[in-house]
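Presented sequentially are two complexes of chain A, the first with chain B as partner and the second with chain C.
On to the complex of A and B.
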């Protein structure tokens, strides 16, 4: 019995971890390419969630079908935010770029949060589809359909993003810019376009993550910070700007949280993740799998 | 030089006296509460500024010190310790926390420090809400006097700003600013970055904790984890930035501006003051890192240049006098 419920916890941790990985994927892409520390990422996730919620409750669109809607909406939002705000910091040296974008993103999160409060009210919302409660059991361990679907979506987007970055010409330009923007710009790559694209893509990934958050948890205007922190934890665990690392980091966080629920107290789930985060920051700032910068 | 200092001193004393007699002139509780809010934010933003502004360490976890101060003060006060002792204990609790986290935190440089402190404050926020899930009620509800709260906040604001002024104009203050401008350069001149950062952290935390204690004395009922919530970091930080970080006047101007804006807008459109304040904050970080103080300075400089093209005279001297009144920017 003990083993079984431990197994159940592990499975839940892994399934939740995939979602965490997806939440961090966009943040990691943005940070890896542009060195913008966009701590308004949680707010982007929130807006993605609201896009899904309104599509479901007003038009009756299934949450998984609303993925493209949310992505387009967040892509545009990301592009506008980049143009208006983040593009001003492109020319700064790296350290002050990170610091300034961090501050700017905080201002942005305050704005987005209060706009959401004003237009969407403070109510907690979520989407419950007809198949939300379905689950199947293998060897006494339950696999809820929604969580499994989230895992599939997260892995799909990770693979798609990796293929895009590796196989397409635009993807190669993005990777070149991430490695060295000055050299890339000398090779004729339009840095501003690449940054815009990376930022908007990162935002649209936040949109996808928002949908999964809406169907698995709930959304409300002040949810941003805790999801931003989750994304930061995952990003630091997986290595800053390391794309596949995001999924691994997500799984580690998911399992850490579920182990904390199992052995200690489920109220300390989030605390455990944050403590892990601090420990990694202090002892291995390059991430668990990251390489030391030369 | 001394003449200007005397005039400045008289102005400051006048200001404090005005604040001190305010509750005698205006009896309306709502006005007193408003001024208390201004004083609270002013003190909190000034205490943040010592580490965040003068020493250049962006502390995104100041709410931890505010929270621990209020928690210690409230719990001791409720259990029967005289208030003033509980209040001081709040400040010392924040110092202990600062010393505990100081060494590991300062192993983190730059942005790692910022997100590390953010995580730390959130850890405390969640843990306190787990341990104390119930609402805390003010034990002195029967003989609650607003005036005593008001003077506590006023005295605290004066002491905090005064100490900040003395600190940043001392040798230690110069060292802190040197660390802000370049840690390696400062180290190469024999300034211990760690010691200066620790001192700034401890002073900043101490006053942050004391404001927390005053908050515990002032508020009737609240959840004990509420003072740990991130808004107690971000609002004062935005105030310091909008007024001008690394100046004494900056957080004062920023906090007055914030509360006035809140008052003006809250009647019309919900939480829009935060939308406007956030926008202003972004604009200032991007285009005017010195804040409103810097803006004023620039206007003065512009005037100064216009005047100097002429034969000079009174207006020119007035201009340069006004200019010299600005706080020195490190």
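On to the complex of A and C.
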């Protein structure tokens, strides 16, 4: 019995962790390429969630079918936000870029929250599909279908992003710009276009994550901060800008949280994540899988 | 081919170049020599569009460069090998070279250019799938030059290509530059190694404190008393 519920906890932690990983994936892509610390990432997740919610409740579109809708919407939102706000900080040296984008993104998160509050009200929303409660059991461990689908989606997007960055010319240009923007610029790469693309792509990944949050949890205008925080912890665990590290970091955070609720108390699960965050910053600031030199 | 006329450059308030004028003609090797901080790299960054002039004109094959962005300048046919190479260490040798041919004009000739670079640097062909970060100093410099050649440039600018190399490699590097030039490429060279670069260059400019203080044929400059005492001891 003990083993079984331990197994259940582990599985649950992994499934939740995949979602954390997906939320962090977009943030990590944006940070890795542009060195923008976009603390409004959680708000982008929220808007992705609302895209899914309205598509479902107004048009009856299945949440998983609405993935492309949400992605396109967030891609455009990301592009607009980059053009209006972040593009002004591109020329700053790296350190002041991080500080300035932190402030700018904080302001942006307040604006996005209030826009959502104004247009969508403060009500908590979520999407419950006909198959939401389905689950199957292996060796006494329950696998809820919705969570499992989230894991699959997260892994699919990680693989797709990795292939895009490794195999396509545009992807290589993005990686080159992330490694050394000056050299990339001397290769004839328009780094402003690359930044715009990376930011919009990161935002569209937040859009996908928003859908999974909507079907597994609920969405409301002020939800952003807690998801930004999770994504930050995961990004630090996996190494700043490390793409596969984001998913692994997410799984670690998910398992740590569920282990904390199992062995200690579920009230401490959030604390466990933050303690892990501090320990990594103190002992391995380059992240669990990050290399010292970029 | 390339012409700078009375160019001033400022870093914020600080003036780095004062009324610099220089020309590079088709087929030449032109060297810029001078002490650290004289403004040699500034001139290269200015030509490649990384810096914009405060005053003066720059033109390349009749196109004014002062207002256009770095990636457009690469498209026009100027390629810069930055100081210490700045290769993409986290990517393979082949990927580095592919990125060199990023601009549209070079993309069509990619296979051809790659063949040429591999012939020139067989070592790069041997290591094409290796991470660039694992290369030795000399190999990195080869990769940086090979990457710049991939863009099929008309003018190649080299910033301290011999920096940090062992003496034997330095010699090979200068032979390599001469060979690239013989194949028809115009070269603008910035060097600390005054003796070798003046021997190599057709013409050279002497730079001090952001101003051009002398110009002449490479070997002529070598015999100047002021150059000898300042750089060659």
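Convention: the second predicted complex is superposed on the first by the 292 of 294 C-alpha atoms of A that agree within 3 Å, B and C clash if a C-alpha of one lies under 4 Å from a C-alpha of the other, contacts with A are read in each partner's own complex, and residues count from 1 in each chain.
By our rule, contacts are C-beta pairs under 8 Å (C-beta built on N, C-alpha and C of every residue); 3 or more make two chains touch, one makes a residue touch a chain.
Everything numeric in this text was worked out from a predicted model, so none of it was measured.
On the superposed chain A, the positions of chain B and chain C stay apart, so the two partners fit side by side. When the shared chain is aligned, no partner comes close enough to touch A:8: not chain B, not chain C.
After overlaying the two complexes on the shared chain, residue contacts for A:87 are found with neither chain B nor chain C. Touch criterion met: A:95 reaches chain B, while chain C stays clear of it.
Shared-chain residue A:189: touches chain C; no touch with chain B. With chain A as the common frame, chain A serves as the apex of an angle whose CA-centre rays point to chain B and chain C; its value is 90 degrees, to a multiple of 10. In the superposition on chain A, A:277 contacts chain B only, with no contact to chain C.
Set against each other, chain B and chain C differ in how many residues of chain A they touch, and the higher count belongs to B. Contacts of A:176 after superposition on the shared chain: chain C is touched, whereas chain B is not. Within the superposed three-chain model, A:118 lies in touch with chain B and out of touch with chain C [touch as defined at top].
Nearest C-alpha atoms belonging to chain B and chain C sit 16 Å apart in the superposition, given in whole angstrom.
Under the contact criterion defined above, no residue of chain A touches both chain B in one complex and chain C in the other.
Of all the residues in chain A, the ones that touch chain C in their complex are 169, 172-173, 175-176, 179-180, 182-191, 293-294.
Against chain B, in their complex, chain A makes its touches with residues 37, 39, 85, 88-89, 95, 98-100, 102-104, 106-108, 110-111, 113-115, 117-118, 225-226, 229, 232-233, 265, 267-268, 270-271, 274-275, 277-278, 281-282, 285. Of all residues in chain B, those touching chain A in their complex are 58, 60, 104, 107-108, 110-112, 114-116, 118-120, 122-123, 126-127, 130, 230, 234, 237-238, 241, 269-272, 274-275, 277-279, 281-282, 285-287.
The part of chain C that touches chain A in the complex is made up of residues 48, 50, 69-71, 74-75, 79-80, 82, 86-91, 95, 98-100, 102-103, 106, 133, 147-148, 151.
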